[in-house]
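See structure below.
Chains here go by letter, A, B, C, D, E, F and G, matching the order in which they are written, and residues are numbered from 1 within each.
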């Protein structure tokens, strides 16, 4: 019954997730790793940067810029 | 008699809550989990993002962006 | 004689207080709980949000957004 | 000879002080209490809020918003 | 199977990486060192600064300004 | 030979210093005390506040607003 | 082979360095001291402040404002 918030991330390890940053950017990719600081590694990450669609095989995201993950 | 602020969140675990973020966004959903950093997991989360109504089955919210919870 | 700042909050537990946030918002309500992070629970909280008067039976306020309490 | 900065506040406990906040506001009042986070309690606090002169019998100020004290 | 986010940086030590800062700047260089604060040392670092292309043999980057690394 | 940055402040205890704040303000005064948070006490502090020249016998400056000291 | 980022600063102790701040300012001087917070002491520091060229014999820089060092 009792769940901690980070368990919700553990449940989607290896799955496709959406990460919304505090600056409004949103990134999609497969969740490869995370830690208690909410640092996240995405595989096959994609996001829109201004008008440009960018893709990265592996993306390390600093946790303090994250607003939400789904 | 004595209550700690986080107890107020414990009391509404499983209930529908409203979360107001520091950037003015407000999200609604069922409170599934929280921790001392105020990281929160919402189930069936809904919020307005600009003009768009968005819904997420599970939403992990980083605690440092939260202004209030009710 | 010696008093710590948080004692001033302890003295008004159960009383009507005013909370001013760093973004200029001001909330009124009965102080139900607080902790060392200045997280606060207000009962029958009221505040003006743009043009709208809002009321909440119970409001959990994150402490790092608080400017002053009176 | 050796003095720590917080001693300077201890020396004016009970005296009238001026507190300048990071947002430019300045508050005056009698220093009733402070802690290592620079949280401060003022008695008979006064400040200008836009065009309005406001007074509070007791004011708890969160330390992280303080720029200087004199 | 289990990986921590910082392992992803360890895997590219000595490789060419891209670092995106919170202010939008992006720097490229060879990853020479990093620590748990995400402080990073780049070798043969290059970035665009306004209209100017700048190059540094060795660049120490403070970790709290980093948004992502790839 | 080895010196720690705070030693540089210890060396000018009692001397006239210049403190530049992150908001651009600059204050001058005699350095009376400092701590590891860079909290500083100035004696006979002077600074320009908009168009006004202000002077304080004793000024306690919160360290997290300091940009540099010379 | 293994190097920690701060070692890169240790390697240039006594040398001329460039410090870029988060607000865009850049300072040059001889690195006299640094600590784990990235607090830095520069000797014969020079920087452009608006239109003014400023020089300081000794400059103590608070580490949390630093973007990079080279």
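The definition used in the following text is that a contact is a pair of C-beta atoms (placed from the backbone, for glycine too) under 8 Å apart; a residue touches a chain by one contact, two chains touch by 3 or more.
Quick caveat: nothing in here was measured; it's all calculated off a predicted structure.
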Minimum number of chain-to-chain touching steps separating chain C from chain D: 1
Given chain B and chain E, the chains that contact each of them: A
Separation of mean Cα positions, chain G and chain A [Å, integer]: 34
Centroid spacing, where centroids are CA-atom means, of chain F and chain G in whole angstrom: 19
Chain G residues counted as touching two or more neighbouring chains: 64
Complete ring sequence of chains beginning with chain E, oriented so that chain G follows: E, G, F, D, C, B, A
Residues of chain C touching chain B in the complex: 21, 23, 32-35, 39-41, 45, 56-62, 64-65
Chain C to chain D touching residues, read off their complex: 2-9, 22, 38, 63-64, 66-70
